[in-house]
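Look for chain A in each of the two complexes below; its partner is chain B in the first and chain C in the second.
Now for the complex of A and B:
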């Protein structure tokens, strides 16, 4: 067991408990959500009930594209950590070392990245269907 | 010598599930069932219900089957990847895809508000515990005021404009479509298209006070030409017998302070409009059959039929006067 852990430590997965990496993807999701919903609310309040939603759909489309591109960048950087760390049997983050914490948090962040991607797509779906503010 | 009676044991056990099923299925028919659709939206809701029931049953069987198989050790020689496939496949990919499909399916069911042709509008104002109903047809100058009963043309989309006077109510005709809240200070809009002529029942679907359960209404769906004739008829005064004794008592007892009768007294607006009340199917907002006897019961003591109702009891009036008012109202059509 000790040898096993030592072997992992030797792999260069980076270290540190950078919480920003964990909340980056959910933050992109939150900003995308606010841009879409607040943008649509302000536009429809100003333009009226029967206004065409095209400008909002463009905003949602652009915001979704930027958000997914951001998520992809985050995902790739996290995937690299995963690629370095999941070569062998190391889904059990048992070691109490900075590297282990880093790998574990990166794994959590990767999962959150997937979740945020799904949430962003779901939030953007209505823009494909709705045509007027009403 | 005693006769020994053979012991007869009757077991109702096997009958119980059948009886329960009968009871359950009885909810699927009738004038107030979302599963017996008579409207475009109700059909969609009903289809959605059956699709989701079937889907949920399949998923339920799959999950329990997997759990059972795992418990019984039926997964022979699982590789290291098996749990990961199950977790990522069953826990992430599968629900994401299913929920995505349901989201798109649900969004596509939204009514098309894009075009706003001149269509019949029915304004319904919820009050504790009755419905003020006003019809506004595109080619009609004067709106038709009514209460506690809604008439609709089959095959035409009708826009309901919903408001509330006091608390949150919810407007729901299960056989014709989905429900929508009526919120004080806001106007909500519902587009419904009845497809099958008949008589249905609508209800308040949001608890709104003591007599919430007694806040209903009859819904009558006509063929379009019959509906137009009905609406045309409602733009004229009801038949009011000038020498009807009930008419005089109605006016002298102060009923007109709260109730309007078109062509007779147009000042009262606190309570339901009573023009053409004789042609309505129910009284007290869908709680009793519209008969002179029930009308007399209602006038004598409304709170007995609908607890906490605002209308005061007229027990002080002689029963023959009450009967005369009831007869007068029954003839208003």
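Now for the complex of A and C:
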């Protein structure tokens, strides 16, 4: 228990992870998705259906790299504040304090990072296998 | 929020006489009128019931249409319905089920039960809910009634042009305008529900203690803000094409029918999740109760609901796999369609885990919940199949898709919803539904559903296309179709048993005891039969399942030992709390019964219905009446100055009676509404750049643009108006009334000049919106921005009038806060419009 109390003292509980930070990771997914789709759609429409996809693959590759780097940054910042529930030492976070709320939102945000990462890799996959606009 | 009053003794809750007097005052404040004045009610318990009954009414109507479809298809070469009638029937079946049942029933159930789940007495904007309900009712009757005049829409529920832009008659107009009108109700509900979950949770209910239903409602409300507006933008373009021949979707004049498909499905796919998530949310309340333990993996549900909400926006093109888009585009959407199965699956596994860890009690709601899981898993698996583009090429537009979508909708929406109705019926009526009839209803519905839709997978695989009104007998589809038809009628029989049980007179029915299911969540603390005031007291929440975790909770609740156990001033009151930790910030006076909601809905109905028939004078007059009734509503119903600054709210605390700015509910409502509005605007901008993408040269070289001078002038003038409005807010706060009023007046003049300059751009360059899609989209952007600026001017004038009337003062400044917020969004709209129409032609 003393360990947890120390953690609570160290951290300002009034702020911490809020709802905007929770949706940061899926927002990165959304931007990545739009960049890939819009980039490919415009390129293929302008260059014709037999055009080589290389520029699109470069765009997707770069966007994926940047998006994953962004996710990694969010992930690391959340990893620092992660913690098990302050009442039960589990992932249930059923306590009634701001600190518990903060840990809960951080946990959700952290898991959303993982989900967004998977979805970003999924979205990048077509650019690995396709070679022309057709 | 101050604690200095903590020493003050509140009323003596030990004294039964004092408690009885409190209850009498609460009763009087929350009294529902009898007689014809009953229909002026705005309280969630009345509006919620009307909403649910109406939505189920439309569902039964659309269900009958479904039975007509199945009757027609029962045997080959059937002549039961003509091809034209059949087209109207299947179009209206899909339209009514989606827009008049699936989406509104979410709003209906949420409006009805959310206050109870949050331990409060009403949502922050009861009149808005009532207004939304009347819009829904009138719009729904208008759309459904059309079939009795052989005038119903007949182009399929997604209204693809060019079929529907070239069609004569008013069917497509009824679809476009009737549904646009109903979307008003959806956005109103989204505002109400988001603010409700964020700002009206009971004190102590940190966001990690919020009932899962609240989380789902919050997420779905957010999704509505990004999903519905693109459809509103699409409807706007579509109706401009049908009414005024602006060729947005006409390829001969630079338009493109695919633009509609994009705008429709940017709405249409998230919409599937908008109806799925709130129903699955009911399971998240039901499953723990009957498993007798807390949900296993609360945070996993939250994360997967959030993840589903986001990913559902990356799926829309999977409805367009067969339109010839580049395969890389298909690949992105195929990938996202597979990815969304992950968070969806997590939710299902959490329910299964909760059931496995608990001791399950058999009940009718659980029966429907389990049936829902079975059906939904089957629908989800075919979903994973059709998300694979090559498979979709084969199955596209066949009965396989019909089977798939009904499996997801019945499993993901209808069965959980019926489970929820069985579960919450006692809470709303004080009676139990019959267990025997419930079991009958379930097995008839479950068996009937599978007999009807399971064979359709095969019918589709054998090549039967959707939307054909009949088929020849030698294609091998006869038996399968007959079986499907029999199943449809078995299902209908089961559903009628359910409806009969819900509606039958209850004089002999079993009265519900309090907390009949032995649930742990706070809504079951309500007394049964329900009292007009709802919650006896607004509880202080310490855990997710207070009724399980705190044995003194019910007693303290009944004795009114928490917040607001009284209505001393005879007013309807609720608490506003902070977003994350639910600390009380305001004691809000909630609006009571009124006719203005119905009157405003009728006026607005005039706008949409008269426009359908192109009766422009009547449309214009209705628009003016709508404006007048909204101003009257705001002037008489909002921004009241309380008789004192703060009051004791119980538990030794006091709260302010008036707050403004970002802590207040009104500011949030404006923020949320404008977010939705901004999304619609971005839909129009998307249209502009969509045309740029598909044309070799856009703007086309032979058509004059609006130039850059007029757009630049418009941008500067309107942004000047924005700056002055913002300044006016600050000057008012400082108490500098002269400067405040001068600034507002100048802002009005600048805005009017700005609107003029905006219109002058395309006007001075003689841009003819019927000639080509380019002038049409420029005019559409100008119209949109100009109309919004005009609304902004009315708001500025309202503030000016309020200031002179003494309603808007440095202390009571809600109006100018909210108008300034509107103008922040306005500034972005102006900036984007002028940059796109004036600046983009210079660089493209």
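We take it that the second predicted complex is superposed on the first by the 110 of 134 C-alpha atoms of A that agree within 3 Å, B and C clash if a C-alpha of one lies under 4 Å from a C-alpha of the other, contacts with A are read in each partner's own complex, and residues count from 1 in each chain.
Assume a contact is a pair of C-beta atoms (placed from the backbone, for glycine too) under 8 Å apart; a residue touches a chain by one contact, two chains touch by 3 or more.
Values in this document were obtained by computation on a predicted structure and should not be read as measured data.
Trainee: What is the contact status of A:50 with respect to chain B (first) and chain C (second): first, second, both, or neither?
Mentor: Only chain B is touched by A:50; chain C is not.
Trainee: Going by the contact rule set out at the top, does A:22 touch chain B (first), chain C (second), both, or neither?
Mentor: second
Trainee: Name the chain, either chain B or chain C, that contacts more residues of chain A.
Mentor: Larger number of chain A residues touched: C.
Trainee: Report for A:75: first if it touches chain B alone, second if chain C alone, otherwise both or neither.
Mentor: A:75 sits against neither chain B nor chain C.
Trainee: Is A:118 contacted by the first partner chain B, the second partner chain C, both or neither?
Mentor: After superposition on chain A, A:118 lies in contact with both partners, chain B and chain C.
Trainee: Return first, second, both or neither, reflecting whether A:30 touches chain B, chain C, both chains, or no partner chain.
Mentor: second
Trainee: Classify the contacts of A:130 with the two partner chains as first (chain B alone), second (chain C alone), both, or neither.
Mentor: A:130 sits against chain B and chain C alike.
Trainee: Take the contacts of chain A with chain B and those with chain C, and give the residues found in both.
Mentor: Residues 118, 122, 125-126, 129-130, 134 of chain A touch both chain B and chain C.
Trainee: For the complex, give me every residue of chain C touching chain A.
Mentor: The touching residues are 204, 206-209, 294, 297-300, 302-304, 306-307, 310-311, 313-314, 317, 325-336, 338-339, 342-343, 541-544, 579-581, 693-694.
Trainee: What does chain B use to touch chain A in their complex?
Mentor: Touching chain A from chain B are residues 92, 96, 99-100, 103-104, 107-108, 110, 113-114, 116, 189.
Trainee: Which residues, counting only chain A, touch chain C once they are in their complex?
Mentor: By the definition above, chain A touches chain C via 18-19, 22-23, 26-27, 29-30, 33, 36-37, 40-42, 44-46, 49, 53, 56, 91-98, 100-101, 104-105, 107-108, 111-112, 115-116, 118-119, 122-123, 125-127, 129-130, 133-134.
Trainee: Within their complex, state which residues of chain A touch chain B.
Mentor: 50, 114, 118, 121-122, 125-126, 128-132, 134
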